[in-house]
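Should a chain be cited, it is by its letter among A, B, C and D, assigned in written order, with residues numbered from 1 in that chain.
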Amino acid sequence: MSLTYHLQIVNLLAALLLLISFAMLSQRRIAGLITLFAWQGAALAASTALVAWSTGQHHLYYSAALTLVLKVIAMPWYFFRIVKKLDVSRDVEPMINIPTTMLIGIVLVIFAFNLTQPISEMSGTVMRSTLGIALATVLLAFLMMITRSKAIPQVIGFLAMENGLFFAATSATYGMPLVVELGVALDVMVGVFVLSIFFFQIRETFDSLDLKHMEKLKER
Amino acid sequence: MEIYWLLGIPLTGGIFLALWGCRKHSPEINTLFSLLTLLAAALLTHRIIENGPMTVGGGWFFIDSFNVFLVALTAFVAFTTALFSRPYMRIEQEHGKLNDKRLRLYHSSYQIFIFAMLLALTTNNMGILWVAMEAATLATVLLVSLYRTPASLEAAWKYFILCGVGIALALFGTILLYFAAEKVLGSGGTALLWTHLNGVKTELEPTVLSLAFVFLLVGYGTKVGLAPLHSWLPDAHAEGPTPVSAVLSGLLLNVALYAVMRSKVLVDGALGNEMAGNLMMGFGLLSVVVAAFLIKRQTDVKRMFAYSSIEHMGLITFAFGMGGAVANFAALLHMTMHSLTKSAIFFAVGHATQKAGSQLMADIRGLIKTNPTIGWGLMLGTVAILGVPPFGVFASEFLIITTAMHDHPWATPFLLLALGVAFASIFGKVQPMVFGETESAKLPYQPALTPVFLHLGLVLMLGLFIPPYLAAWYRQAAQLLGG
Amino acid sequence: MSTGILLQLAQTLLAILLAPLLMGWVNQCRAWLQGRSAPPITQPYRTLKKLFHKDAVIAHNASPLFRFAPYMIFACMALAAGIVPTVVNDLPFSPAADVIALVGIFALARVFLALAAMDIGTSFGTLGARREMLVSFLAEPALLMVFFTASLISQSTRLPVIVDTLAHQEFVIYPSLAFAAVAFWMISVAENARIPIDNPSTHLELTMIHEAMILEYSARHLALIEWSVALKLFTYSALGIALFLPWGIAAQGDMAALPLALLIMIAKFLLGGALLAFIETISAKVRLFRAPEFLGTAFLLAVLGMLLHFLLEV
Amino acid sequence: MTNGLFSYFADPVQWAWAGVMFWLVLGFASLLLQRSPHLLSRLVFPLGALGALFIAGVGVAGLLLPASAVVLPIGLPDLPFHLRLDALSAFFMVLLGGAAFGITVYASGYFKSMAAGPLALLALWYHLFLGGMVTVLLADDAYAFMVAWEVMALSSYFLVTTDHKVPEIRRAGFLYLLIAHVGAISLLLTFGVLQGGHGDYTFDTMRLAEMTPFWASVAYLLALFGFGAKAGMVPLHVWLPEAHPAAPSPVSALMSGVMLKTAIYGLLRVTFDLLNIQIGWWGTLALALGLITALYGVIFAAVQSDMKRLLAWSSIENIGILLAAFGLTLIFYTDGKGALAALTLTALLYHALNHAFFKGLLFVGTGSVLHATGVRHMGHLGGLMRFMPWTAWLTLIGALAIAGLPPLNGFVSEWLLLQAFLQTPGLTQPYLNMVIPVAAATVALAAALAAYVMVKFFGVVFLGQPRDPVLHEAHEASWPERLGMLWLAAGCVLLGLFPTQVIGWLAPVVSLLTDQSLVNDGNWLMLAPISAERASYAPLIFFAVVATVLLLTFIWVRRVYHGRVRRSDPWDCGYPEQDARMQDSAEGFGQPIRQIFEVFMRVERETPDPFSRTPHYHGASLDKAWFIFYAPIARVTNWLSEQAGRLQHGRIQWYLIYSFATLIFLLVFTTR
């Protein structure tokens, strides 16, 4: 009986995840973006922990903790620092204007649900539509990367994508083997580290993090 | 046992070089570690020749004839590249393009990169495979931006973002794979082990696997450089230091394709239809054609050969897509030939550009006069990569094209067109670089040409004679890939 | 066989000796038709005699080829004359060269003449050589086509066989041969440097072809060339006769017919010469640039004749 | 009877391979001899020539002995090199060896003055080239064939670009290699069609493979394209007039004389041997292409002013004639007229052999001229007969032979071909009956034009007054060069005088391909292919008569009249001053042809204005095929590559969109 509660809560969290993705899609200010990213991480961690508790998959606790530490505390803090250091406060107007982006996003969500419908049918796990939501999150993050024309938002989009994947891994399949998850986490960490190096390099070379400076390499 | 050596040596090498810093002898040490890796690889290969495929470390590592020759190839090219990079990077340093800090970074991440690739090749776990691929990307990102020029930074950024996204999609594919697998194998560690998956591939859920394969193909395909996911490749290959271009073109692409093939085997088993094959043929053909036409407009020599890598990867993918004993055999052969030849070309090009102080082909003239060995190296390498016998690249192209004509005639016009255009473009641009008059002086130092001619010699030999055991590997591997 | 050899030699000699006579006859007729008082019919012989007795004057830079050419040309023409059946039909040489080879012989002679003309390196020599080759490259295939028509009818490219079929089988009317005859006429006019293509009796620089080539020759060389020109005319006439009115040529090996054949032959030649003179008189020389059109027409007619053969006679 | 003589050749194919190996060793040895150019020219090339002679000998043996095969331990794992020496290969080996011997002997004198380093490389490529060609003839599986084929192309490319400092030569080499490569790919496709599947590429399996007419035609067309590209068939000929002149003369001689024949060999091999069905329209197509090629080639040869280009164009003409003969053979063969097919095939092979000799001779002749004067443009030559008589007279033989004049060899093959054309009433399709004699007319026209071309070539280069004062210093060719030319000239004469014997040697080849052989109805000195009644030609009698008459006349003139000669200035209608510039220039000599056939050309003229102090005339007749076929291709390619270039315009967002779109597309595509 309690399962249904968890189920509902996890579904709620999933919905929250999706909502946050939309919010990120519409968010112009970088600071806000980072906050939203942190919240997304939090939701993810919560859902992971819940799944772990409800299904007794103990290694999921680790990944929940990992998520909490990395995506809710470390990275946002780190990003805030970078933003402060490089004082890049506002994002410029995105490539496609917000309402259009939203519309596209909604279409994507429907597409994702349709796509995962047959799979969710046969899913043995407690969650039914979480896979769909995960895919939707991934696609929305992808969309966000496309629309943003500055370095940091793009990276945040990238990490949001990672979140979606994590959610898929945990909720739809009770988590990958631990080694894999650790590896993934390691990669993400290193990735962020490398990125931060990049930010400084780019900054000192182009004295801005605007991607429009980085369109020199092309076929002329 | 050898497997641990194989992985341990480059890892320690990376860490050691990172800590050791940039002393006088770090290039030599780099070479030394690569040599040791090569030895370990040789031992492993020997072992495999002795007693066939094996799983090591509780099934975490799996070596069969498919990946063992890739391991050997990787170790070999890594070693020769290290040989080449020793004098090359020295000169770069003298030219003041690099300082000690970056050289240290270069050496350590070079080793890490090798480690990542070897891990990706030898692991039995699809998840670890993904991790290793991502690690390889991360290791090379900073190498691409080593010069800190705007161009190199831009290239590195695109490389990172595009490959990152791609690899993320691949992760989703892996998750789906796991999702399908755990129903059969039960959750836990074993569900991602390729050997287990391969055992039960017929029982895996087709719809999920077809979905998974799309993600895996798009994901790893980005790293293979299949059009239209190839956009990062020319930038990354052209802007990094030449040794890095050599290993990227010669090795990383192979590893990515290896990942695709591992998943294709599973998907074919599960679906029992041509879906995966057709997708790969489509991507391959598209890449060949697009690359050929893009080659035509190049002015930067490294960029041009980067596109040529796309073309050849497309050809290999196409061949794998066709499937069947002959095509797979040809594709494996072509993998080998391409990495040997392309790296050799990059070595020669590296010296040439270093001498001319520019990568623009218009600035490089009359090599045959200023330095005959480099000139002939470049000329013969180009001829080889363009698929002119008796060089080995032709052997595989021969098999691929004839098989295509026999099994999929509709594809051959595109191949004919693309190969013709590519030939015209590349040769037409290389010829004046090698031949003709020039007033530039001779090369001031002795270039490291052993690697160039070692590779070309091998390619020439393989074009005329393939040792029986090598052929045996190829055949087994082809079998394994569903020949 | 031995009689064959004898006949062959006899006929060849006859041709060589009588050729200038034909030339003389044509000139005489021309003169009559133009109302001039004619030179004696033996005039060509006198000219040859005179030329042979003179000292040869040769340009400083003449190469051996220049002096070798006249003999070569003469030899070729002699062989040609030997192959074409004029009086008798059974000739031992004739297997040596069929009609295609005959064309080859003419070509050989022509090439040598042209080369000799270019040897001295005068403006006129080269000009003449060029024009000669221009005329020939259209005339030669046309001639070949005429021969083809004849040999398609007779299933053979050997002249004796052709003559045999046409003269000694039962009489058939071949429309194709009519076309061929017209073509042949135009060709032989061009090949023998007669009006309307060329005028043998002028040295007008701008119009001459044949004469321009032999400007530098003198004395015995010139004599040989003039003689071979006469021989060429003779051979062409003989060819025309053999192809288009072969009746009267003695069939293989009946000696009885010989005297008659001889008479008929002479009559034919007289007629032919007169006809040539007549046509030359009534027609005017065409501009050089028209020459290709003229010969192109001949070529077309010849091919047409051959097609007609396939349409009507097969 | 000769069997006994050659019986101790255990296995000709092995001897042939040994010859190839010998050449390869020689080539790589020459790299070591870089220090001593004398050894290179005095030792390596003569040895190579001996190798050529040996190959020719092996070829003769192969003609007399039954076919022999060998499998080498190299090649692909499942596909070692299969070599086989049957009559067809043997004949072409005789051709190759015979021509290559003379040319290589010549080369040993020609390259005397070259610097050591380049000479060593040249020697390497030269012998690789020879070896490659022989291997092409020996190959008995697709892989060996393609490898040899491309080695031949590559080495000849490096030979063509020997003088790579000159941009035009680089361009020529590039064009050559490009078209060769495209042709090679289409050959690959041919073999792809022919192969039995599951990677069995030996010719034996191809011979057995059953084919539907459709696929057989596909294979044939691909082969025609591939080999046509190598042979210089219009419109794939554009590389030939560029590449052949660019190469050093002995190499041009090899390429024109021998390499082009390998394409003919391949065409015969694929059509008559590998494909086991033939279709009539193939022949008609080949015939048409051949005639076009022949006419096109000779017309352009007539308007050239560079002597080597002129010869190159004339090679195109001869290839056209060979193609036409090939087509006619196919027509007869598919019509079940075995004997006539045999006749035509004989003509084809004979002409191939002849062309190897006289074209080789002419090219090396121009080589000597080039050495003596350093001039290729005929507008600056002339009067060389007086300074280099050997070269002149020997070249004259070649010129007369290629002009198809009796009693030399060129005439024999033309005679045979025309005879074949005359036999068409035997055919069943009525339309062919009519078309083919017209084709004969075209061949005759081409032959006549060839005579025009040769008069121009020889007359302008060797006769007349030197158009340039420097020509007075022109020196005669060196002895090895003379010997080489002598050999080739002797070939022209002998092949012309003894056709019956030659046809006897051709018999095994002909019977191999057409299951019929040509019976000579005449005796040993009379050639009568069908029947003595129908046609006959006896070059020996012919020659004897001409010679005797000539001698008699000469003696008679000398005996009866005095032989006095007075030297003076040329008369030339009494014009006072004579000037070398008053002779016809090369352009002038070609002018009538240009006027008549201007439709095929794009003519560029710049005529001087009447008042200019230094009048200058320039005229060039460009090949229209280039503008019709190649320029558009280039344009389309450029346009496409521009479109492709737009994909790559630097904005990372767009790149992401590509990935995104691809992903979505695939997802939709797969789930449907």
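The rule is short, and it goes like this: contacts are C-beta pairs under 8 Å (C-beta built on N, C-alpha and C of every residue); 3 or more make two chains touch, one makes a residue touch a chain.
Everything numeric in this text was worked out from a predicted model, so none of it was measured.
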Neighbouring chains common to chain C and chain D, by label: none
Far-end chain from chain D, centres as C-alpha averages: A
Contact pairs, highest-scoring chain pair: C-D
Centroid distance [mean C-alpha coordinates] between chain B and chain A, Å: 31
Between chain A and chain C, centroid-to-centroid distance (C-alpha), Å: 101
Separation of chain B from chain D, taking each centre as the mean of its C-alpha atoms, in whole Å: 44
Centroid distance [mean C-alpha coordinates] between chain C and chain B, Å: 78
Per-residue overlap in chain A, given as positions that touch at least 2 other chains: 115, 142, 145, 154, 211, 214-217, 219
For chain C, residues contacting two or more additional chains: none
Touching two or more other chains - residue numbers and ranges from chain B: 157-158, 161, 165, 169, 207, 211, 234, 294, 297
Touching pairs among all chains present in the structure: A-B, A-D, B-D, C-D
Of chain D, residues touching chain B in the complex: 73-78, 142-143, 146-147, 150-151, 153-154, 161, 164-165, 167, 170, 173-174, 177-178, 181-182, 185-186, 188-189, 191-193, 195, 197-199, 201, 637-638, 640-645, 647-648, 652, 655-656, 658-659, 661-663, 666-667, 670-671
In the complex with chain A, residue positions of chain B that touch it: 125, 127-128, 130-131, 134-135, 138, 141-142, 145, 148-151, 153-158, 160-161, 164-165, 168-169, 171-172, 174-176, 178-179, 182-183, 187-189, 191-192, 205, 207-208, 211, 234-235, 238-239, 294, 297
Residue ranges of chain C in contact with chain D within the complex: 52-53, 55-61, 63-65, 71-72, 74-76, 78-79, 82, 93, 95-98, 100-101, 104-105, 107-108, 110-111, 114-115, 118-127, 129-131, 133-134, 136-138, 140-141, 144-145, 148, 151-152, 155-158, 161, 203, 205, 215-216, 220, 224, 289, 292, 299, 302-303, 306-307, 310-311, 314
Of chain B, residues touching chain D in the complex: 157-158, 161-162, 165-166, 169, 207, 210-211, 213-215, 217-218, 222, 228-229, 231-232, 234, 275, 279, 290, 293-294, 296-297, 325-326, 329, 368, 383, 386, 388-390, 394-395, 397-399, 401-406, 412, 415-416, 419-421, 423-424, 427-428, 431-432, 435-437, 463-466, 468, 471, 474-475
Touch list for chain D against partner chain C, complex: 382-383, 385-386, 389, 396, 400, 403-406, 411, 415, 418-419, 422, 425, 433-434, 437-438, 440-441, 444-445, 447-449, 451-452, 454-456, 458-460, 463-465, 522, 526, 528, 532-538, 541-542, 545-547, 549-550, 553-554, 557, 560-562, 564-573, 575, 578, 580, 582-584, 588-589, 591-593, 595-596
